[in-house]
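Shared between the two complexes below is chain A, which has chain B as its partner in the first and chain C in the second.
Right after this comes the complex of A and B.
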């Protein structure tokens, strides 16, 4: 049975088993109908021109895991940022693992989507925010139809979350192939502050397909600092759809580190709904083998006096392929917009490929918009300089690459993450850092 | 009195198409419609050999299976291909030996355009192959060229007299099945220019063709073929103006350039077809396929100044097949009122050490939409490819739009690609600075637009640079001085 048919028939069973509000039922039904007509995206669509899902859709994924597998903290320890105190929301095969998690309801909510969807006290919030910024797109609609579990984080007015929140998704490989669809909702009300780290990881070599949707709402003057670490097994694929709605004076920054996985697609969409907003999109991609990473970004400037900064760096080795498809849209009224988009790439091996499409669509005249895209090699003169000072060529190359990628890390605000990513980059490139981190 | 932006905007709006007149010459026109019979009739009228007729029919057969593309960032009412007349030729055939025999009304037309043939003969040293509604009616300087062995004639003449060359090269760069409009053109093209530069010859003058669309309701389907043999050089100019029309006119031309080893072709275009009136009514649809093939060490340089047409859909491209070949693209696209332009280039790097440069300047005013769409592709076996692209947009007023859609596909690690784009408006302090020094706003804008486009204007041959500035002037009413 094809995956699409399987999903459609599973939906019936799924709907019968859960007891939810009517509104949500309607949203789900509408979403599945949309998915039924649109199907999975294919390469004829402009946004999917360079990424084909055919290979990963062939697997016979189970939609719901048959039984719960218990894993211990020691199994996942290395994937957590354990050297700092954090809240943790952990899911195993898409199901909440309470013994591994640390949630809170004290000053703010960092808990589960399922309880938010079911409990009456969350009803007005769900009504106000759920599925409000995510548009009707086939994969997002599919996620909406099956939306049940995920992280629910709500920071009330004026509250700053005192420690970062980790959202961790693990798959145990209990099934031959598993498809999981986490649904996260993050609300930072006016003047609120929060830092979030999101990670997906497979613990075995069985195929996993994650189709995740995250909706983020940043209120007036709110500050959301979000990190996605994508360093999964070569058997896992991730389609990450993130939609961010920003109110005036808010700042949302999103760092995406893509080091692993078979196919990674990041659909990152910013919608600016007030003035004086800052949106920051940064990414480092270092892949090899036959890996494929696709960054598909949109920044929609809808109000005047806003800024956006995009900076994506990529290093592609062996037969890996990279895609950058960035779009900056400036509406007529969004005067004085300052938008910058930059995409720099290095190809290491002959068979590596990069397809880059930085786009600007501008309808306002008093704006400062620019983009730059480069594809090239390391500076031969810099290499020569280092070699003439006794640094072997291999290490000189690695150092230069490290410096190239490391640029993006300057804006990382959590020192532990910076340290980890720096180490990860050094490891990926094979450089022995002669200094302590 | 200070010249305010509102006044300027109003002036821009009110600017009528200066070259909007219509020459009344009897035309020999086929009934509207498109089918095998029409194609055979066109082919017969042109007295073409059988292989040419078969080639046209093959293209038509394929065209019927294709659908009109709609991926471009333009919106227009799709033309009804069955209501167009596919052949129209001035009836005063055959050709004239001297200018005196030419229909005086036609000569008058040229005078209005400022390209009077006799004047150009004397002054510019430009051979003009004037195309009046699809058929060449006057060719000058043919003798000088013939001495060098250069063939410069209409394509129908070339089909008669140099069938071996035409047969070998036609469709070799733009195959008849390439795209919807190329297929249509291949089936119904009525005329165009043919140019052949023999081995080692440097063409002593700029070759120039003026295209005009004249007969109401006649689509213009030009086919241009330029072949530069080994180590030869040619600079080719193409300029266009069209009279005012209320219904939309379709123009689907195909231009093929072939630069063999060490050859160089410079192809310059100034396009000023009727862009529609200020309500966006009428205007020419310009759907053109232009492509050049570079063999070893060859160079193709496209320069274009696009100020006309209601809808432009045009991507002059270079296939850099030979090692060390070079492709260049310099463009100014100016849109005003309701004009829409989706233009850019494709640089396909196939050979080693190939280089390409793209400089694109977009200026949007009024309610127009101006898009740059370009592709830079480096194939896995193209070593040391080098590309530099720069796309700048200038917006005038907040009712227009500027868009950039660059596609960069690189599969070779030795490639070095740079792309940058900026969007800006004319700064108020820039204008203030000029005002302060006694330059009025209108002139200041002219100065700034001129400076903005200078990089591209500089690439035009002398004869054309003047005209190009004139056309910018017409499109931005007196604001360019």
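Right after this comes the complex of A and C.
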């Protein structure tokens, strides 16, 4: 049975198991109908021209995994930011793992989507926000249809979360192949502040496909600082669909570090719904082998006097492929928009590929929009310069790549993340440098 | 220390050096002068190990061993330093971090442990003060948006830190005003000992007023056509190179 048919028939079973009285019932039903018509994305669609899902859709994925209870903290420790105090919402094979988590309801909610969807006290919030910024698109609709579990984070007005919140998804080898569809909802009300770290990691060599949807709402003057760490096994694929709605004076920054996985697709969408908004999108991609990382970004400037800053850097070795598809849309009303986009790539080997496609659609006439895209090899002259000072070729190359990725790390506000990513880059490049950048 | 014998080199099939002979002993300062395109910078690059140039004939002996097969970094480990005519910008790596990396990589190649942090710091302070460098300068990205003078001063700072046996200064005077030139020359002179040597490559005699050479060579069309003492430089300044070419023809 093909995956699509399997999903459609599984939906019936899924719906039978959950409360049909739930308001979400209709949303799920509409979503599955949409997916039934649209099917999976394919390469004839412009947004998927350079990313084919064919190979990963061939697997016979389990849709409803068994509950896995043998995972302990020591199994996952190294994938967590464990040297600082954080809240942790941990899922194993898509199911909440309470013994690994630390949630809260004190000053704010950092808990489970399943509770939020089912408990009466969350009803008004769910009604106001759930599926309100995520559009009806095939993979997102598919996630909506099966939406049940994930992280629910709500920071009330004026509250600053005192420590970062980690959303961690692990998969085990219980199933031959597993498909999981986490659904996260993050709300930072007016003047609220929160830092979030999201990571997906497989603890098995079995195939894993994650189709995740995250909706983020930033209220007036709210600040959301979000980090996605993608360094999964070569048997795991991730389709990350993130939709961000920003109200006036808010700032949302998203850092995406893509160091591993079979196929990683980041659909990152910012919608600016007020003036004086700042949207920050940064990414570092370093991959090799036959890995594939695709960044598909959208910043929709809908109001005047807003900014957006996009800076994506990629280093591609061996036969790896990268895609950058960055769209900036400036509505007619969005005067004085300041939109910046930059995508720089280094191809280490002849067979590595990057497809970079900036798209600017500007309907306002008084704006500052710039974009730049470079694709190149490491600068031979710079290499000779460094080598003439006694730095061997391997280290010189590493230092240059390090330097290349450096200005993306500059904006990382959590020092532990910066330290880890710095180490990770050194590890990827296979060299130990005597200092931190 | 350095012995170049019948050196021929080319880049992309174009012959640039056509039989250069040169011998430099410890404690000496040599200058190479010559018109544009005569091969001065090529000679510097070839000695430093730039792989863009192919050595087709001849040999380069450094401390009696042939270094022709060594990479640029291996030559640096042996004590050869090239101050670039156009130092390369490396955004994202600070001057301090770059020099720390270079020093520790050289020490590693020599089987030594990393230089202790306090010793490194002391040395950086001492050498940067000698060259009148601002502290802030050290934390800036290497050569990025440096002025011409700052770039050259930074080259000499690196030389001071690395303490090479043979320093090759490729057009170090270009882009320097007279005050900066004096500081740079003063730095080079302070670094001179009886055990190290300096090869100054320059277009103009001006720099040689401050870094006084023991021997001056004239490189024309890939060959050294005349050598002499410091007065040769003065003569070249007054008369240009044409008379030498004519002398050659005769």
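Following the convention adopted for this analysis, the second predicted complex is superposed on the first by the 430 of 437 C-alpha atoms of A that agree within 3 Å, B and C clash if a C-alpha of one lies under 4 Å from a C-alpha of the other, contacts with A are read in each partner's own complex, and residues count from 1 in each chain.
The rule we apply is simple: a residue touches a chain if its C-beta (ideal position, glycine included) is under 8 Å from a C-beta of that chain, and two chains touch if they have at least 3 such contacts.
Computed from a predicted structure; not experimentally measured.
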Three-chain arrangement built on chain A, chain B and chain C clash or fit: fit
Dominant contact partner of chain A by residue count, chain C or chain B: B
Which of chain B and chain C A:368 touches, first, second, both or neither: first
Partner chain in contact with A:348 - chain B first, chain C second, else both or neither: first
Partner chain in contact with A:377 - chain B first, chain C second, else both or neither: first
Chain B versus chain C as contact partner of A:360, first or second or both or neither: first
Partner chain(s) touched by A:123 [first = chain B, second = chain C, both, neither]: neither
Three-chain overlay, vertex chain A: chain B-chain C angle, C-alpha, nearest 10 degrees: 70
Contacts of A:387 with chain B and chain C, given as first, second, both or neither: second
Touched partner set for A:46, first chain B, second chain C, both or neither: first
Minimum Cα separation, chain C to chain B, after superposition on A (Å): 13
Shared contact residues on chain A - chain B and chain C: none
Complex contacts: residues of chain A adjacent to chain C: 379-382, 384-393, 395-396, 399-400, 402-407, 433-435, 437
Chain B partner contacts - residues on chain A that touch it in the complex: 46, 332, 335, 345, 347-377
Residue ranges of chain C in contact with chain A within the complex: 48-52, 71-73, 75-77, 81-82, 84, 87-93, 97-106, 109, 114, 158, 162
Residues of chain B that touch chain A when the two form their complex: 71, 380, 393, 395-425
